[in-house]
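The two complexes that follow have chain A in common; it is paired with chain B in the first and with chain C in the second.
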Partner chain A sequence: MRREPFFWITISCGLVIMAFILLPLIEMMTAPSLSMLKETIKDKDVVRSIWLSIYTAGLAALISFVLGTPLAYLLARRNFMGKRLVEGIIDLPIVIPHPVVGIAILSVAGRNHWIGQLLSELGIRVMGSVTGIVIVLTFVGMPFYLNAAKNGFESISPRLEKVSRSLGASMFSTFFRITFPLAWRSMLIGIIMCCARAISEFGAVVIVAYHPMIAPVLIYERFEAYGLKYSQPVAVWLVSLCLALFLTLRILTLGKTREV
Partner chain B sequence: MIRVKDLNISLPGFKLSEINLSIGENEFFILMGPTGAGKTVLLEAIAGLVPVKSGTIFIGERNITALPPEKRGISIVYQDYALFPHLTVLENITYGLHFHRIDKAQAEKRLNRLLEVVNLSHLKERLPVNLSGGEKQRVSLARALMVEPKVLLLDEPLSALDPNFREEVRNALKRLHQSSNTTFLMVTHDFVEVLSLAGRAAVMNKGRIEQTGQVKEIFEKPASPFVADFVGMKNLFKASFRGIYAMVSGLKIETGRAVDPSSQYLAVRPEDIVISRNKFSSSMRNNYSGIIIQIDNQGFYYEIDVRIKDVSFKGLITKGALIELGLEEGIPVYVSFKASAVHVF
Partner chain C sequence: MKERSGYKWLMYGVVAIVLLLPFGKSFGDTTGKVIIFNAGSLTIPFANMEKAFEGKYPKVDIIREAAGSRKCARKITDLKKPCDIMASADYTVIDQLLIPAYADWNIRFATNRLVLCYTNKSKYAKEVNTQNWYEILLKKGVVWGHSDPNLDPCGYRSVMVLQLAEKYYKIPGLYQRLIDNRPKANIRPKSVELVALLQTGNMDYAWEYRSVAVQHELKFVELPDQINLGNYKYDTFYKKAIVKVTGKKPGTFLKKKGKSCTYGITLLKNAPNTQATTAFLQYMLDPQGGLKILKEMGQPPFIPCRVPTAEMKARLPKSLRDLVEVRE
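Entry: the complex of A and B
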């Protein structure tokens, strides 16, 4: 059968986009030699920064999960005045330029603001600290978790919860026996998205905390000081470790569940 | 058993006003009404799933208006089954037992009896996704009854099913009602279900109850034009009355009894209308000649629209009768009905 021109247009556009995304990535991933990669991973600074990136992003996702789940549920289940506004506010961190996020957080956590003064009295330092990094990463990652979890809750019929209540289950029991088992996949995807977004953050972090150095800042520094060749191996390690981490997480959790 | 008193509900864009309802112990009560009449909202209010603005709901002597749904002892079955997709048939049915303290042996006995009545014993380990519609609804029924609720609410439980499954679930419903002490309150707009299941019924419209009574009474003596139209009184006319006669646009109709002169409407069910080619000699008091203006195929039946002067009467006949009488659009026919088939209100 002869294909229509339309078909060939869709295929060729698809191929262009695939190449556009994959070419630079493959080029970067294959640029450093194996010996260089080996040498890089022996560098304590590199290991420390990658580890810092991973665990601060993990913490940001954990905070989003704990604080965000109830709000996501509320947004999925209730209609109230100003709901659109709340949803718009949640999406704000996605659209704000990254350095602006850093500046905005500093303007609250700095010495000239009462919150900043309170924090410093409590001995909590935001500027140039792990705390600061986690705050920034939570700020930029939270919307991704909230939206994914909200979509997950929305896809569960409220009638399942109503039936559960009518059979004698309290709201808490209903959530843990019905809603959570049906929504946790979406929540997990939200956590992964939030983590991924957090790990990739550079602009906001560099303003709040140049040191301790997360991996993107280290990559940037190496690029500035020594050039492309020295920043590439670190990037390769960061990307591969993250991919491996997400893949195992997905395989581990999605592998052994019943098909619903 | 269930007593709803002056219930008012106000939701965005929807209202229930002044609902009063009284349903006896172990009764099978049916709530009818068009889409958007508020039937589901009323069920959910009784179950405690919708906030009530004012009024009270009693189960027995107990005022349950302020109780959360899990404390009411009322189960609910939805049209779309609402089975828990991550639990097996058995886990679905026994779900409620997590929250009710009952003896293990007794639970086992109850489970086996229910599985037998709804005929699901062989499907216990299946997940809902692998069940047919009829099977799903039977699981949902068993799950609702496993906790021995005082009241079972059914929201159009048969409407999503294929016709052949519908009968199977309807029979299961009937058996379950007979073998339990539970009061059944069901929403439907299928008259077959109403006539085969219910003792008493109510008709709702626009957030109000229009009529409550024995099913027979509602079908035979509709209390308002809305109810008449809803229960299938296709021939509904504005009329003036004098003695035992009614006048409908110049047509004189005998009602067979003295009618309250303040009545305004007259109705005849289409299935009470006899259509014939020759003048019908019988005891029927109302005989008219007219012309067929339309024949409408309605599946098992044909709806014949006959114009008599300025009035159009609708009658139902079978396909066989249509062929035998040789009815066609445009031919003259006779229309007859008994005086007792005339409803006035």
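Entry: the complex of A and C
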């Protein structure tokens, strides 16, 4: 069967993109020896930092899920004055340079700001704490969850909800019995995207918290103190983790396309 | 045909003149490029000196490369990179790595020292002074920090100041008590990053070089010369401070000994452009020229600059000899 040129264009562009993403990553992944990798994962600091990365990114995703879902639903269902503005504000954390995010958060958390004063009276510390890391990761990860969840809600017909309401179900029960079962896949994808974005964050975190070290900060510290040789194995472990996350994401989306 | 070839010769002539023009220029007095390798902490004052000097000598182009002092020397000795002037944050680097193979002399031109920075909003900002600074750093609730000793020389120097303070004030255990009141979370990779923490009110006190404090317009407490690592007269006392920093691979360590922050400058022997180079040095070592800029930027200069022996002074280019004194 003769293929059209269009087909070959899609194939060759695809190959270029695959090579563009994979070549540097493969180069990096294969640089450390197996024994180095083994030695690295035995290092308590490395395990601690990778665990801290997963745990804080997970918390950021959980907070985005709890606080973000109602807003995502509102944006998907209602039209109101200034909706575009709200959507623009939600995307802001994606555009702002990372160190600026860190400094911005610190300037609210410091003694010079009433919120910072309130926090310190409550005994909550943002600088150099896990709390600080979670705040930063939520800040940068939230937009990814909100957008994915909003798209999910938008793809469900409001008629289904109206039928449920007309049969006497409350807003709450309609949401949990009709909307949520149909939209959970998009929400889960949003959570994973948010998590993945949070795990990769470095620039904003290093401003707010150097210690305790999340994995990207540890990679930076190892690179500065010992050079490439000792930072790469940590990076390999972290990339493997992200790969696992994204594979889960792909598998989930695959399920969705089959269904439709 | 003949007319054509005349035209051709005219063209050759024009091309030749255009090509030779740049050479004609360099036969004037002070022209050309001056390549300077300087320690990172000298970047801002040297940038200002460049502006002022090039204003005086418009035909000279100063090219600066900033790096750690040892790295600067390695670029000359190992990588054989062309360089006219090398300015080091540690004058012993020039003595150890460049003399005698690459340079003949070493002028000490400025110092720097550790200071304790704070802002109006810092806790106890009204009370802190040269006598009570360590009592304030010991107070619960006072947030203070320094940069990472493993990544930043300012970091291990800050720790040295604390060790020296214990010996100088004769308070046993002071160092450990101070460190115990400084959670790891208060450490940052580089000292300049602490400035943002001070300014946003997340930190009360931070250890910085005096030059950084002045350049960022921070308030700061000056410490006695015996502990501030700023006076090479006390080098034997400074040596008593020893800080363990990470070595070549994780789990290994090496020891750093205390030493004064004394800046040295030298002219490389095979400097490609000696005339403009000495003109720059003449400007830089002048109390009304470069040294004044250094002073404004918080790096106290030696007025006049110093060389250790009369014999070394004799090796200086003639135009520089009047600008230095012999002093141990």
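Methods note: the second predicted complex is superposed on the first by the 232 of 260 C-alpha atoms of A that agree within 3 Å, B and C clash if a C-alpha of one lies under 4 Å from a C-alpha of the other, contacts with A are read in each partner's own complex, and residues count from 1 in each chain.
We take it that contacts are C-beta pairs under 8 Å (C-beta built on N, C-alpha and C of every residue); 3 or more make two chains touch, one makes a residue touch a chain.
Source: prediction; values computed, not measured.
In the superposed pair of complexes, A:Arg78 makes contact with neither chain B nor chain C. After superposition on the shared chain, chain A has more residues touched by C, the comparison being chain B against chain C.
When the two complexes are overlaid on their common chain A, residue A:Ser164 makes contact with chain B while staying clear of chain C. In the superposed pair of complexes, A:Val126 makes contact with chain C only, with no contact to chain B. When the two structures are aligned on the shared chain, A:Ser173 is found in touch with chain B, with no touch to chain C. Looking at the shared chain after the overlay, A:Lys42 reaches neither chain B nor chain C. When the two structures are aligned on the shared chain, A:His113 is found in touch with chain C, with no touch to chain B. Look at A:His211: by the touch rule set out above, it reaches chain C but stays clear of chain B.
Of the two partner chains, chain C is the only one that A:Tyr230 touches; chain B does not reach it.
Overlap of the chain B and chain C interfaces on chain A: none, as no residue is touched by both.
Partner chain C is touched in their complex by these residues of chain A: 43, 45, 103, 106-107, 109-113, 116, 125-129, 206-207, 209-212, 220-222, 224-226, 229-230. On chain C, the positions that touch chain A within their shared complex are 121, 143, 148, 150-151, 183-189, 193, 196-197, 200-203, 246, 248-250. If you check the complex, the residues on chain A that touch chain B are 79, 157, 159-160, 162-170, 173, 177-178, 181-182, 258-260. Chain B contributes residues 12, 44, 47-49, 68-70, 72, 74-76, 78, 80, 82, 84-86, 95-96, 98-100, 127, 129, 143-144, 147, 149 to its touches with chain A in the complex.
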